[in-house]
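Both complexes below contain chain A, partnered by chain B and then by chain C.
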Partner chain A sequence: MSTKVVDRAPLTFYERTYLPAILGGLKVTAKHFADTVFKGKAVTMQYPEERWVVPEGYRGAPYLVKDQDGATKCVSCQLCEFVCPPKAIRITPPGSEGRPADRANAEKMPREFEINMLRCIFCGMCQEVCPEEAIFLQKDYSITGENRESMIFNKEKLLSLGGTHAGIQKWKHKLEEARAQESFPVETP
Partner chain B sequence: MSAPAAPSTPPAPAPAPAAPPVETMTVKVNGKTVQVPKTMPDWQGKPAPTTMLQAARIAGVDIPHYCYHDKLPVAGNCRMCLVEFGTPMIGPDRKPVLNEDGTPKIARSVLPYEPGTARGAIACATPISPGMEIYADSKATQQMRESVLESLLINHPLDCTICDQAGECKLQEYSVQHGKAGSQFVEAKVHKPKAVDLGPRIVLDDERCILCTRCIRFTRDIAGDDALGIVNRGSYNTIGAFEPGRFDNNYTLNTVDLCPVGALTSKDFRFKMRVWFLKETKSLCTSCGTGCNITIGSREGVIHRYEPRDNDAVNGPWMCDSGRLNYRWIGRADRLKEVLRTSSGGPRERITWNAALETAADILRRAPQGGVAFVVSARQTNEELFLLKKLATHTGALTDSVPREGDPDRLLVSADRNPNSNGVRLTGMAFTEFGFNLLKIADGIALGRIRTLVVFGEDLTREGLGPELLAKLDALIVSDILPNATTAAATLLLPGAAHAEKRGTFVNVKGRLQRFQKAVEPPGDARPESEFLQELVQAVTGEEPARSIEGLFNRMAAGVPAFAGVEWARIGDAGVTVQL
Partner chain C sequence: MEAINYLSPTAQMILFSALKIGVVFGVVMTAVAYAVLVERKVSAWIQDRVGPNRTAPFFVDYLPVIGPFLVKLGIFQPAADGLKFLLKEDFTPSYVRKVYFWLAPAITVIPALLTIAVIPFGSNLGGQKMVIADLNVGILYTFGIVSLGVYGIVLAGYGSNSKYPFLGSIRSSAQMISYEIAMGMSVVPIFLLTESLNLSEIIRYQAEHGWMILKQPLAFVIFLIAAFAETNRLPFDLPESESELVGGYHTEYSSMKFALFFLGEYANMIASAAMMVTLFLGGWTLPFIDALNLPAGSLLLGLVHIGVFLAKMAFFMVVFIWVRWMLPRFRYDQLMDLGWRRFIPLALANIVVTAVVVALFNH
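And now, the complex of A and B:
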């Protein structure tokens, strides 16, 4: 590979007066002015009363989701905490004394799950690494708070913001399969 | 560093008579020729014919395995170590068949009824023979591994996300290294009991078990408690306890370390922290005089677990449950965190380390010869004891330590529950029998002869020196980790550091000098004792402090006859044996 030197054409005298650039800019402004005043086609929005439509696949704030039965999907595997580049995620595992999972058979869910929204860079690594489809980047882009503490979202808040994600319920499926078999009938509360 | 040839240095021991030459044989591993001994120690240390797995290890090739363990009898049931191999061909004249270039012709092992297919042998239980060739990475070997892994995973729940073993699971690791992505098994998996309560410290998940029987062999042959076994048949094989819930000997948690998968889990560590977050620090167990080598797993200043660390000279790969679970006190909320001074008649005030050390130095400098006594715990490190000995010598003080005895067992637990009793003896802080001088010290205080008492890490009110007696002292300088009646009575309280929060050395009951490293930071104002003691020694005697624990140790090695010639760097991770 060699370096290719691009010829830079010298500016003409007319160009060096800056006039073509200024006039070109004014033309765009004049067009928008005319569109707004005479045709009623506004290019700005009255934010925050008016909001733009967030496109599909937009990477907003990550929130935790519940399954179709309303149970916490996160099993506290801490892969998102591990992969998070700005270390915005902090999970407190349940330990042996902690509350068991919402769902039978899943055994485990986080005691606390915190995302520091000031640290989060909305990269989506947590969503990509999650083996339980429990965390998704959603459409919220404007997150404000009155102090730094209020920008650390806890598990309760993340779950209430996240909503429901109806995916494959593998733990439920495993349990049904276990209940159906003749040997070792599984008893769960 | 120069090695001073002081006349006091004991002469080097005469070289041991030369060991008889080891009989070796030549084998080839992955095309590499290696000389291996004909016999190697088995799990009990007795010589046994060298196996293909051991020969491969000597050649630097690691053959994957689950059921095999150096310190357990060979079972040969997981089949993971299957390898293709070949032996020199023998002609009808019983002479080796040679290739055209004169090298012996090798016959690869094949199935007798299907000569085109390689026949593997389990490397853990197959002895080597002269001229044998082991193909640890041949295509046939790889296919065997793939198939073995596929069948091990038939009924495995693949629940790594909630499995404590994830990150240190051999099933995960070998599946990535040697397995294949898909499974041909389309039927429903057999679901086995989950979260079975085996004993007070163990939970069993039967679904994850690969039936390697390491736990069974350990508890039968090492711990001597034949409590586990396999029940049911075929796909329904499960590990079970003879009496469920009663698998409770003092070594049960070793089965958790041994378990190559996440079937046996520790109730203490269960769901506490993912293992890849843990920082591993080489340390020592302080619960008894055996001094088991441990690895401390900590994250962000919180200790999450102890695990045994291999050291054949001390504990092998094992440790007892009571020692392993004895770590929560380090993170207790009521740890001593402040330097406190009680002025005569006044209230306790929080002061700086500088002020405290000045106060202590002042007391020790003014004290008449024999007016001071030292009671030091055999939980202090050699370096701290060495510094305390300097202070004691300077003040002509009576010194002693406190014995701590318990019932020994036949495996690891020692009757001496102090981790460094021999360190106390070697540094000269107490006689062979601890507690000998305690009565004299008590008398001295009662008679008013001893006006200053320095206590490190012991509660004297439990040893017959009650609060009324301690109240007679002019100064009671106490350093400890947790509060007790003696720290409550102290006129000067210096918060110390737990072993996990500092570096140092201990000498175990058999005379093994071992060092340990720092895992976490001490809380609040607490500092490692060797640090502030060096400053105190400087203030009292004018001796320059060493800049590091290495320097301090080397200085001590020059001053304590038993440690002569030992250097910090030479202790290594396994320690060295010193003359008691």
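And now, the complex of A and C:
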């Protein structure tokens, strides 16, 4: 049989008076009390002022990033919009008469780029699918707002929160490669 | 002030009693509010937390150093808590027995407050004795009133018409009959020694012959443990036991009705602490200093006596709070075993031994 009977030593008279338990409890509580009050060893974090340092690779809110020159990296390809499982992203493309892209060699950039932070599930699919390294899940984890409208972040807000990310600088090299093509024999940069 | 002397003795008595009742009520209510704060703070410190440290009324900004320190200590928290209870929705579930449901909180609070009436919380202030009712049967009155407290809990459990409160109130009644007897018996030796039931007399005796805790340590231990059971504090908080019975007898209560139960529990703690100070720690007296050991001759000394009493009471309040984190809750059967099979025989033996000693040596 798989039943195992554990021998339990009968309690001694001293133990049955509850005194060892009381003294043990007194010792433990007194130690913790003194540690917290006099040594400031409280483990509590004063939340809004102090925050967690999130680990590398943490999947927080997705924001748009700018390139090294401060130009919008997004080229309005809408892959993230299509891949987004909860359909939190909505991109308005520039259309045929839209403003040209910020940076050279990019054909277009979105007229409007909205992420509904109430819908977003922080899965990271947008970051994974983005061919331009334009959207990244960053470290913000407490996103609050006073109403539903304020929880829809527009392009301007996403760019200002996202910061700069130089990355592989694909287009810069593309430009150099294209210039190199102009002379013969080709000199690769 | 002169006008007081022209009043008849009855009118003076009524006037001063009303004054004393008002002041004592105010002090007890404040003490309850701050006992809750101390409970929260001490609990937090024992559990490596910081406790309430945010409540800051607008005027804190004008106090340079003290203000933030008081906020950190949570001094303003009780006001916020009280306000919260007042403003919360008072919800009465549809299935409760309304009369009992409404009656229960009142029946819990009233006995707790009535007990305090006989406690001598100081010697005298001017010509007035610092006790609301100097009854000759003080201790009997106390036990009579304290026993009523359990009806509040039982009625709450019955009136709520729901299973957790019901279980809680059943446990409460079992607990009460197990401990009330031991508690009552534990103090009998004191009366054998002091030959009086009047609490002021008991204090006078202790001032002359030394504190009761030294003469009757066993009675003190039994009374202390029974007091924990009486006030439903851990390790005997079976009627409430949040972890198993949700909230026990007050599961269905909200808002001010819940606050009354809360208030009742803490008022009970204060009453028990005051009772222990009076019976075992010499009340407002301090030995070795004559001025503090004898009834006060001046207003200042009278106030010092009240301060001594409050300090001793505060000590017991901290013990109540501290023990909460020391011991796990007793099981239902362990609790009754402790009451019926340990404390009642011990208390009886204590009575017999004391009676024999008194008979042999005092007469």
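Everything that follows uses one rule, which is that the second predicted complex is superposed on the first by the 142 of 189 C-alpha atoms of A that agree within 3 Å, B and C clash if a C-alpha of one lies under 4 Å from a C-alpha of the other, contacts with A are read in each partner's own complex, and residues count from 1 in each chain.
Convention: a contact is a pair of C-beta atoms (placed from the backbone, for glycine too) under 8 Å apart; a residue touches a chain by one contact, two chains touch by 3 or more.
This one's a predicted model, so the numbers in the text were calculated from it and none came from an experiment.
When the two complexes are overlaid on their common chain A, residue A:90 makes contact with neither chain B nor chain C. In the superposed pair of complexes, A:131 makes contact with chain B only, with no contact to chain C. Look at A:21: by the touch rule set out above, it reaches chain C but stays clear of chain B. Annotation for chain A, partner touching more residues between chain B and chain C: B. In the superposed pair of complexes, A:183 makes contact with chain B only, with no contact to chain C. In the superposition on chain A, A:35 makes contact with chain C only, not with chain B. When the two structures are aligned on the shared chain, A:44 is found in touch with chain C, with no touch to chain B.
Applying the stated contact rule after C-alpha superposition, one finds that A:119 touches neither chain B nor chain C. By the touch criterion stated above, A:172 is placed in contact with neither chain B nor chain C. When the shared chain is aligned, chain B comes close enough to touch A:108, but chain C does not.
The intersection of chain A residues touching chain B with those touching chain C, taken from the two complexes, is empty. Interface residues of chain C, counted against chain A in their complex, comprise 42, 44-50, 322, 325-327.
The touching residues of chain A, counted against chain B in their complex, run 75-79, 82, 93-96, 98, 105-108, 131-132, 174, 177-178, 180-181, 183-184, 186.
By the touch rule above, chain B contacts chain A in their complex via residues 157, 160-162, 166, 188-195, 232, 236, 267-274, 276-277.
Residue ranges on chain A touching chain C, taken from their complex, read 18, 21-22, 25-26, 28-29, 32-33, 35-37, 41-44, 46.
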